[in-house]
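Okay, got some structures for you below.
Shared between the two complexes below is subunit A, which pairs with subunit B and subunit C, respectively.
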Partner chain A sequence: MNMKSIELPEKRALGNRAKAELKAIMYIVPFLIPFAIFYLWPVLRGTWISLHVWNIQGMQRYVGLDNYKRIFENSDFYKYLWNSFYFVLIGAPTVIVLGLILALIINQRIWFRTLIRSAYFLPYVLSVSVISFIWLKLFDPKNGPVNALLGLLGIHQDINWLTDHRFVWWAITIATDWWTVGFVMVLFLAGLQEIPQDHYEAATIDGAGTWSKFWHITMPGLSRVMKIQVFYQVISCLKLFGQVQIMTGGGPGDSTNTMIRYIYVTGFKKDMFGLASAQSIVFCVIMLLIAVIQFKLTDRKD
Partner chain B sequence: MNKWVLNIIAIVLAVLFVFPLIWMLLVSLKPDGTNVYTMSDWVHFADLTFSNYKKVLTGSAILRWTWNSTVIGVITTLLSILLSSLAAYSFSKMPFKSKGFLFVLITSGLLIPTEAILIPLYETTLHLNLIDNMWAIILPGLTNPIGILLLKQFMDGVPKDYIEAAQIDGSGTFRIWWNICLPLTKSAMVSVGIFFLILSWNNFLWPYLTITSEENMILSAGLPTFLSNNNMSLNMIMTASGIAAIPTIVVFALLQRHIVQGVAMSGVKG
Partner chain C sequence: MKAKKKAGMILTAGMALTLALSGCSSSNNGGNDTSNKSDAQNAGGKSSSPVEITFWNMFGGGEGDFVDQIIKGFNDSQQEVIVKQLRLESNEYYAKLGTALSSSKGPDVAVAHVDRISPFVKAKQLVPVDELASKVGFDLGQISESNIKSVTYDGKPYAVPLDTHFHMLYYNKDILQKANLLNTDETPKFDDMSPDGYLNTLSQIKTAVPDVQAMAVNTPYFQEPFLNMYYEAGGDILSPDMKKAAINNDKALSVLKFYDAIYSNQYADINDKNPWDTFSNGKAAFWFGGVWEAGVLLGDSAKHIGAMPLPAIFGSQTHWGSSHTLVIPSYVSAEKQEAAAKFMKYFSEVGGQTWGNAGHVPANSKVTASEEYNNLPYRSFFIEAQKTVKFAPQTDNYTTIITTIAESLQNIIFHNETAEDGLKDLEKQINEILAN
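Coming up: the complex of A and B.
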């Protein structure tokens, strides 16, 4: 009857701790619910689906690792994986270098600074379909202004930007860089503004030139932002989909078909959910490996 | 001399950057079927007309899509900020045992992009009967942990004294969040919000898969249907792009300082 009054203090403390624990978790639950349903569950479910023949109607039969075997035996997989990596190799470095150059320009005391910064950043707020539409037409071989401008510069060839496999990746890169370079620039700008001004003043007194200041003060000062940028750009290049879907449809032939588009076609055009899930997992593991490698490489430098 | 060269480079680049947008607007304002190719076409302003805009606005569901994109963007952004702020508050200000585990679990959301879980996500959406429903876009949009990470950093900066003082005054945890943490992280919430709004507005692949009717379509995913419509002229396609781009450009012009700052903050810290 009198249990309450003789309850041990430790026990009460335990009860209070459990209450505090519950209370803290309660504030996270609203986020956790959609997170569990639309992230954690699909991640687990995808692994399960990948072990089956599965289509829009649902599970057909269990096939073990057959889907994975099929992926690695299909030469298309290596082709599209290479395409995705190819875009990382040309897309990521160009956008980072361009973004850095624009940031260095804006960081100087130039005329109309805010206006010019806005001009560089503006394309980033447009959606992928708008930018793809615009560049689809800008690259038109007969009536497009890109070839017209090249004509003004003395290059009078009708370059088939989007249907010639020699140019198509550059066309996609130009469109993508134009679209996203403002984002890169803004991050570098924030990084530049964190470098203390007196480092430059001290270097000037020591007689350092512009180049030497750039390599010994600016670049080291930007190393953190640079790391984040490389990381982010590699992933976002690997995720390329909208631009190729709208501008080339993966063509000419299948020269701009990327991994994401491969997964999309396998799953939603060919109705092979099992195989597409296995492809997603393989691609995901590859992305994670790249992330780990980048982490290890940049960590060693510090 | 050096100064001049730099300024000229900056201006030439700026002109190159806005040229595609100017060209889009110019072509959209030319009569249907007009080609804009040579230099003289570009500077020939006499025949500019709004007739293409009238045709696209009345002949397609583009206004409806703009509205859908806006509604989805606003709901996703507001809900994301709210859920992120609550969770960030807990992670930042409350000691509890499963904190470490939950934090790692939630940050793992940064590792796997939506693109990599398309199939099971689609299946889940199908089972929940959300295909062709705006919640199919909103709900998966709420799983991005970046808001929690950013807001937690800002909550960490809220002084302990403030919170202790409020506790002495008898405020409960919820009131402390509402009265102290929320107002003190306002600027961070605006930044995170802008970041989420841009993400939502530009979301392409997922809405493209899950929205099937013309009426529920959003702008980014609906626009490509103009291309599959073969009798669309260049002028009409650029008009559709223009209608999709103009609201964004106007909002950007009005809020450009906040937008640039917001993106910089989310990007650097994230």
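Coming up: the complex of A and C.
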């Protein structure tokens, strides 16, 4: 194909090329227009707002980079940034491990396989507010089923899941894992089904045990899916908002206040849209950096 | 196997259907759909079809039922206007109302607290109500003078005040009886009126009736119980010229220590997320509750609940107060503005009585003078307590300031910060807000 186009006279080749480019552009236009209107424009507008004091009465005055300076001088920013990352550290690994275990179980020939798979996937269909209210009730210290269950298991002390510093992050993690584990599981299931059965058969003949089969065949076979999962989970954990907003209100105190909730409160509740826009831009840059680093790391291994 | 697959599919389909359906119903409540529809209807110029207006409010729990009654009463009383309400969660109400007002999409008439309207008025997002009122024959002179003054900017009223509301001390007579703390006239028997005296009383209740909270404290909205006692102690949020914070002082500190003692001695449960329900269900002896809860708490005599003005624990009777008002956004069409004004007239003149039943002290002086109102239980106490309320400082930044206070106080009561550091930090934040 390439050979042929080189043989053509230069002018015609150029014309063809322009045509092809135009065609390509035409193909992406349906995506590009909504992307520009609903993503690029808000980002640019947000950047513009972040350079001003801006409140409910609209633009007040231009302050340059003052908003950014205020962000970095406020210790709350670092605290809430850390909270967002803390949730990545506990949320992402747990949901990936749980999802993998579920996928491995369901991949076996067990009874009611489809039913079980649907049951685990169902919560993912619900919206964040629905799952948050469900778990808000479940974690109720006095009348909640979770403490009642623990009572049956012999732990009679009422655990204040949502108002005790020691438990609140776990409560959020449990609720989030329950909600999203189905999606993780389905991706892993797809990955598992791509691994050829003859690898396992060959390993069995060679006398490999279950554990070494998992470690040397399943895990490498899942590595591509795993990368996508980690990438996706890190981003979605960083974006934690709905669960803490509804279940804890960022509390006790500000223990579960995350970056997104910080931005929300600054903008919509404290009416400081300029500062909130600056916070979003900063957080957006941080997330982009993380995405780039992850991309580079996984690329190198390939 | 096939049967199982089918079961799974049906389950999923059923779930999806429920979600889709609930999605539909909520968007119908959203107001925009319905208002567009009625626009289309009215475009024909037929005056026979009623004007439909959307009414936003944040009245949950006890008050909500009374608002429902008023709206139903209004819709049944005439054929020209239909009011549809959208009830929003109170903690997020102003985030949503503010967004609606600045994006010109939302309610045709809305409830707003008097201390929140100033920025909306200055941004020209609300219409003055005087001309509209006279158009529909609503005499604003009925509204008590102090109430109308609180919503007047440049000589024009921008809202119709509905009430004054504040907190009372509610008490459970059964629990106090068990603790031997009930006088023969069914009022609580207090130790001497001081923080220590009050804590003593709570301690007696805890000893005598250990399976209830001696006092339910409004931990989720802790700024309210805090401000009540802080105002009693003579404190202020801002300096008299409104240029500096005035909250970092010994008075605030002693109030915080007082509540901390209540929590740490387990007179109140800091983990209780619904203290109002706890008290209403007979599981707490005392409760600093809003007058708006009176309809529910005092209306049911089986609950054996009484009410009195907040005791002067920190010295004075001064306590927190605010006022609900009705406002009309400026993006609303002339026709709907008039419809909204008719609703305002009804809410004030006729609904005022129902509103008084809910517990608020109505702003319409004709209602408060009526025999019907004065025959309601404990209302003489309410009128008494209304005299000593302290309203929010008149600043455009009140929304920002009160949110900051609410957040800092949560940090202090949950011991993420010491009271001293927390107050210092709060002072700094408020000063920053005022400087900008």
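One rule holds in what follows: the second predicted complex is superposed on the first by the 268 of 302 C-alpha atoms of A that agree within 3 Å, B and C clash if a C-alpha of one lies under 4 Å from a C-alpha of the other, contacts with A are read in each partner's own complex, and residues count from 1 in each chain.
Keep in mind that, in the parts below, a contact is a pair of C-beta atoms (placed from the backbone, for glycine too) under 8 Å apart; a residue touches a chain by one contact, two chains touch by 3 or more.
Because the structure is predicted, anything quoted here is derived from the model rather than measured.
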Taking the superposition on A as described, I'd like to know which of subunit B and subunit C A:S277 touches: first, second, both or neither. first
Under the stated touch criterion, name the partner, subunit B or subunit C, that contacts more residues in subunit A. B
Now for A:P196: first (subunit B), second (subunit C), both, or neither, which partner does it touch? neither
If we overlay the two complexes on their shared chain A, which of subunit B and subunit C does A:S118 touch? Say first, second, both or neither. both
Touching A:K269 in the superposition: subunit B (first), subunit C (second), both, neither? second
Subunit B versus subunit C as contact partner of A:Q57, first or second or both or neither: second
Counting only touches as set out at the top, which of subunit B and subunit C does A:M287 meet: first, second, both, neither? first
Partner chain(s) touched by A:V128 [first = subunit B, second = subunit C, both, neither]: first
Which subunit A residues contact subunit B in one complex and subunit C in the other? 56, 112, 114-115, 117-119, 121-122, 125-127, 140, 264, 268
Residue ranges of subunit B in contact with subunit A within the complex: 6-7, 9-11, 13-14, 17-21, 23-24, 27, 35-39, 82-84, 86-87, 89-91, 94-99, 102, 105-106, 109, 111-113, 115-124, 126, 128, 139-140, 142-143, 145, 148, 173, 177, 198, 201-202, 204-205, 209, 219-221, 223-224, 226-227, 234, 237-238, 240-241, 244-245, 248-249, 251-253, 256-257, 259-260, 263-265, 267-268, 270
Residues of subunit C touching subunit A in their complex? 1, 4-5, 7-9, 11-12, 15-16, 19, 91-92, 94-95, 98-99, 101-102, 119-120, 122-123, 125, 220, 270-271, 273, 397, 399-400, 403-404, 407, 410-417, 432-433, 436
Along subunit A, where are the residues that touch subunit C in the complex? 53, 55-58, 70, 112-115, 117-119, 121-122, 125-127, 140-141, 160, 162-165, 249-255, 264-265, 268-272
Show me the residue ranges of subunit A that touch subunit B in the complex, using the header's touch definition. 17, 20-21, 23-28, 30-32, 34-35, 37-43, 45-46, 49, 56, 102, 105-106, 108, 110-112, 114-130, 133-138, 140, 143, 145, 148, 152, 178, 183, 186-187, 189-191, 225, 228, 232, 235, 239, 241-242, 245-246, 260, 263-264, 267-268, 273, 276-277, 280-281, 283-284, 287-288, 291
